[in-house]
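Next up: some structures, all given as structure tokens.
The same chain A turns up in both complexes below, where it pairs with chain B and then with chain C.
Up next is the complex of A and B:
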């Protein structure tokens, strides 16, 4: 259907195989090939390829380099926690073990260049060597000189070498302040719906016809294309749901050609998948088990986010409540909530201009330890000795990520915290200890409470608000 | 060794090679122990008991976790077996890393044991390649990688012969830890073991079945990990998942949704997460209490107060079963350490032997026990004299008393369980939902005098037949297992009652007693129509009520009352509190203050009490004061502290200094009238400054920028 790639200097058979393995990426493959030129020719020093996740960047590079049998090193930047690892991998795949062992323990960039040049003398390049850096965006966090050096590595090592950077973000976000050698920028656009259809239909199930599988993919794309264009995800979903699609076929109810009936059978199922397995609420293994179960039982299986209930010791609950109050109430209002004879102070008296927006929309604010304890002691109903375990509970709440420490770890004097739980979570917790938290929250204070609460529920910021006693 | 030298210099002292006698546990125990003569016996007993408690709890924990661990093992087996199937579906989604999310609850200290047994089980039955990592040792990706590699390769080195050791050295020499190296190592390993000589193999049975055992990495505390590190690690692992059969286990303390909070979709889509929920810690505690405390097998007992302290630490502070057991250990040690008569706290036979060997001093101690004194007072004159003077006679009597105590325990627990089965399902739980609550009530005082007990009994008298029979049957089961004469008798009686209940069914409602009853009811009503006097009316109604109650009783109701009276009788004769038992001090540890002081330390309170009443710490009589005020001879910091309590939020330093100088002058005995009195001299100034800086160090005050010459108070209240 598409023309086979052609380029002088490469075997036609190999090129044909490349074309076969990179569907819908002919233009990009062709462009890359012409940039690379013939094997023995020098190529551009550095090429920057970007495009969204699963748009075929790594795949095309791999196929090209493997099929055309070019010397190359493919390195994922996530994996290289240190420069040493990076250099070692490069040398290892270009020159073999001995070269890699020549590097000192903590090699600098110049060590790498020296070893490379040394190796070049023994084995000069007959064809262009390629270094492919995957997830190149992580190079920005590495040493300052690494990225600029890689971009002009050809010049530094004086060898027929091209560095190809693959990334999901554009080159503009890479450019260092000090300036650098500009690579050739190449964009991989997203696959279109037709492309996805074509690619996904390629791995058809061996025991069914290709047309049948292709019609399945068509239905799948109909449901999922609006929410997900990630090829990998779609591939995964296709694999998971195919057995359900085939079910009526296996039972002998429907023929392969009866697409409409098959569609009616699978559509609700796919919709459900969109809410659960696509969001990874339910793992693929559980999804498969669910498919085998009866419809009724399947409802019992809950997703990950359904389990939000956390059991806490009694005082930890109150500490968390105190932290929530300290985080979401302005410190000035503590008097109003926790002093017995505070007099009648209305919310409007407090109201400052910038506080008209609710604290819940602004997120939690940091508070010092003193304030947390002061609120805690006025909230908890019994007399609590300030024992060591109360303090250790605060730090265990931090490790459980229910509180976050704002100040630095080293600061022993007056540490500051933030509360990291949601209103839903805290109201569930306070219900277990019979504490009406809404009564103590500044945002829900009397005058225009009713109105604002309604508004929030409508906006979806708050899903469940407990009954306010004064209403 | 001289350090005198003309020039300045550093001198190195090597520690003198004096041999330090290392102290054994026993030496520590004997040191400062009350009555040293039989301390070794007590130490042995204590050690023995603790060993039993330890092994018992470990077994218990294993049993409790069995279900979760078994299903986890199944998962690992499955994921290694599906990998080898080459079918279409598994080929399509082979890139997911199987992951188990193990929700363990917030009692983090307890998790260690669970993970320990989990990794042991995994190593025994599924795969030798298990590495568990903790967040605190993996701050960065590099460290995490290093730990994983070390644990995986290092662990094998220990198990295997020397060949691998060399390999491991090479690995460490190359210094770069990457999963690539791990893959190579794994390939070498599996290839070797599949072709190697079977004689040298390690003893994993699963080895032969599967060529590729999975590599399991356990993240003990997921919440504490740095999310970035974890994300990157998972990304790297997903690159190698084709070559290396990896599997993760996440230990989660809060809720599974933390996984979603920590990992973005792009990362969590690489995992295939399966959820496992372990037993809740409260259930765990309930079983531990059931097995360790509510049994007569352990001679050592906790008093109600101590139990209360331990349980409230658990419920209010940490939810940790391990800490609870540590608390029991503390009580155990403290008991054997401080109570010389604890030699008798052991099995019946040993106790008899130890009793016979009791020294005169200890016999005197027995005489001083309050429970024994009470016992003596109840005896006749002659017997009293004998008990107080004749050691031999006392030992004989004690033997009998010890026997009684054993019997008391033997009967106490089954009856407690019976009562709990009956009351635990009642509405509003008058005697508590958990058996430990009922136990606490019983330990405190006579349970049958409790109001809640009476209301529970009333409620029981309203139970329907089926429910009552079911409950009684469960009671009978409880009694059946006990080997004790009284309990056997009670069991027989209960069985008889149950049989009667069943007879009721068969006899059915054949006997028609109803008409007569109705007649007797209706007759006063007829009488009633004649009279209209209000008093008479009330009287007849009361009578009617009475007659209704007595006459309308069906045979079932009669039987029900009989059964409940029987239970009540059991409770009254066996559930009396231990304080009423003679010699209970031997077995019961009652110093709740000690336990609280050790387990629930209050640093702040102790600092405050030290400052406000220095007498208790310094033990100097001069400092003793009457009304809670501080003597002016007290240490400077105490005086400064006392004075600062009288101030508001901001303290003027100069006023404070003057007040201090006045107090100190009074202490020096200067004449109040003289000019010198209350003058601030240099020494006083310096002493004051030191006291203030000490207070600042302790966190009572801090410097402030609001006003010059002022400091801010950090504590509130006071005065």
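Up next is the complex of A and C:
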């Protein structure tokens, strides 16, 4: 199944080791090797490799360059934020520290090329030198002349040098305005489901059989494959959940071949993992600890999102509710919701036809401070005097980023705000003060039938409230 | 004669292949100069005449070589220099300074580089000059010959000439062209650029000192000439060690160019671009498939290389997305169709996706909002969707407006090739309105 890599000029033993370390990537490795050619031959000055993350681009390059012992410099553009770091690293890897120290304090590209040429005179290239730049999309944000210069570096330094750029983004988004030296573009395709199964099954646990582990990987892929194909994420999830999978086996309840029982045990656990560990709501450490505790003791796993539910004082909660209503209700409907004697407003057919205008799809709208206070006074049930404490609570809501200030800081007399919380959050808050927020929202209003109200009660957004203030 | 031929007749096939690879790689990758100029004879003659007048007769000149990327400008200049330096007198007295707009981004750096290339660092020493012009005049003064009659001719080659026009006040250009107009020293200024409108970039005072001499390399190849170029790029020269092998190789190249399917592929390349560089990429991909087991280039190689060159990169990336991400892209496509290209946000896309889920009974894709948010962010990182310019800080992530950077045909093509695509997803994509 795996074809043997062969190339004159490279040792067969080394090539065999390369094949071993790069499973499911034989075609790409072969192509790269044939483009590289024999060590003393020239290769194309710049090669651009693109593909999804964790599709093996850096891995294959590293394995090839290390095993075949070719002179190279691997640079991650995330690390090398400034030109000085970049050039120093290149010279260090290719020529050693004395060369790197020849660079002046803030080297320009001109200095780099000069030092490189100087070094070439002392040690000319007997083999092709490679410079591999990972996360090359960050080069677009560096100096404008850096990317075009790197693409033609072979010509500028007059040496047997090839620059290889690895990136997740396609080449069309890299091209500078006036053009540049076009590199040879190669694609690393994503792993298929079979490939993922094969690669993940390689790290089987020594105390269990390989078939057992691959059935576990099969179950894992069944749950996660439709959401995520990233090899690194899947690898992480596989490592975290394996102990839970083996739990019934260790307790002696099932045998290795009882796949159905094992599946029943692990499936809810994996579903929970999707909502927590996959989203990085909990750290891996917390997840492992939770697995070790008994099921009853586990309780609610506090994810990161749970920390956003701060405890607010009573009036702040009503201010937030009022802000939410002001953001998501159009101003003309305030009369209907908050006055005792209001006329009927036509809930337009307009909304039903053109659903996009549902405010919950478009996002919150800004409102002036006056409107917020007007809604606040009609929503809060006790009489409250307008005092500085109310206004300072508004400012603290802005600091907590529950409200966003839309107007400029200079405008003191008519500041505008927007509400920045989600419907779930505000429903939870209004539940704590016994306020039925859904009844006041324009988008969920249906004057014709009471069915919509039932629906929202069933969804648990609101609880029945005895006293309805505006009716 | 025949004895000498017999001695060098035959190399083992592995050796020959290695030789072929080395030679052709030098030609395709390292821009090895051809013996004769191909298709640019007139320009070659013109430039050679001009530079000879500077080198031998001491006449100052300035010229611009203009042509699109990969047209062969640098190759032309290097050929001309090679021919010029065959003359003994020119070789003795001509000095060359090579500057590149990508490297010398500043006039100060450029001046240091000029000093270095003229080997005048010791002469300049620690002197401080008032202005650029003074510095340049000093350098040229230092090049005067022993009898103080005239200075040695200097050839200034400015690669990426248009980048020099972006320097502050265009001092370097002004001073060089000024010297070329006045009788100070015989210099030739040769600029190489890819911009046809380069003269618009020059300031008035710089433009007036320029001689307005331009050499254009706008290739007007016909398809037959293109085929001849392919053949000459791949052919082995006469002095190849194994004569028989070279003969066989050249014959096989000839049959390759006459093959119908290969000609189709080459015509497709010719129609998209005629320049050297894209041709070199294609030929390099073909050359890399030549091994000891298969010592010729076959038409199948050319077709495969052509396919690799023309593949759609974004469709390739769509192939590797997860099913959830693909469903989100289809939802975005439907939104674009219904609302005619207006920007959308995550809430709208999620809503559209939920409408699709409601119609199907299986709840396989019923994911929570945060999981969908993560998939959406992944698409943003791949730059398949892009935020509309606006204050990104002030809006929540779910409500930030985005645009889809794919078009209808790319999505449809990707769906055809998508592995294990569920049929209901495909049908949803094909239906007119979500």
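One rule holds in what follows: the second predicted complex is superposed on the first by the 310 of 471 C-alpha atoms of A that agree within 3 Å, B and C clash if a C-alpha of one lies under 4 Å from a C-alpha of the other, contacts with A are read in each partner's own complex, and residues count from 1 in each chain.
What we mean here is this: a residue touches a chain if its C-beta (ideal position, glycine included) is under 8 Å from a C-beta of that chain, and two chains touch if they have at least 3 such contacts.
Please read these numbers as outputs of a predicted model, since none were measured by experiment.
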Check: In the superposed arrangement, which partner chain does A:257 touch: chain B (first), chain C (second), both, or neither?
Finding: neither
* Looking at the overlay, does A:285 come into contact with chain B only (first), chain C only (second), both, or neither? -> first
Report for A:126: first if it touches chain B alone, second if chain C alone, otherwise both or neither. neither
Could you look at A:205 and tell me whether it touches chain B, chain C, both or neither (first, second, both, neither)? first
- Message: Contact-wise, after the overlay, does A:411 reach chain B, chain C, both or neither (first, second, both, neither)?
- Response: neither
Touching A:386, do we find chain B (first), chain C (second), both, or neither?
-> first
Larger residue footprint on chain A, choosing between chain B and chain C, goes to C
Query: In the superposed arrangement, does A:149 touch chain B (first), chain C (second), both or neither?
result: second
Note: overlapping chain A surface for chain B and chain C spans 279, 305
In their shared complex, chain B is touched by residues of chain A numbered 53, 76, 78-79, 81-82, 84-85, 88-89, 105, 203, 205-206, 232-233, 235-236, 238-240, 242-243, 279-280, 283-286, 304-305, 307-316, 370, 374, 385-390, 393, 396, 399-402
Listed in rising order, the residues of chain C that touch chain A in the complex are 14, 17-18, 21-22, 25-26, 28-31, 68-70, 74, 100-106, 109, 113, 116, 162-163, 194-195, 277-278, 281, 284-285, 288-289, 291-292, 308, 311, 313-314, 316-317, 319-324, 339, 345, 347-348, 351, 364-365, 367-368, 370-371, 374-375, 381-383, 394-396, 398-399, 419-420
Within their complex, chain A touches chain C through residues 8-9, 31, 34-35, 37-38, 40-45, 50-52, 55, 108-110, 113-114, 145, 148-149, 152, 154-156, 168-173, 178-182, 184-187, 189-190, 192-193, 225-229, 274-275, 278-279, 281, 305, 355-356, 360-364, 404, 406, 418, 420, 422
As the complex stands, chain B meets chain A at residues 88-89, 92-93, 96, 98-99, 101, 103, 105-106, 108, 140-142, 145, 175-176, 178-180, 221, 223-224, 232, 235-236, 239, 253-261, 265-266, 268-269, 271-275, 280-282, 313-319, 600-605, 714, 716
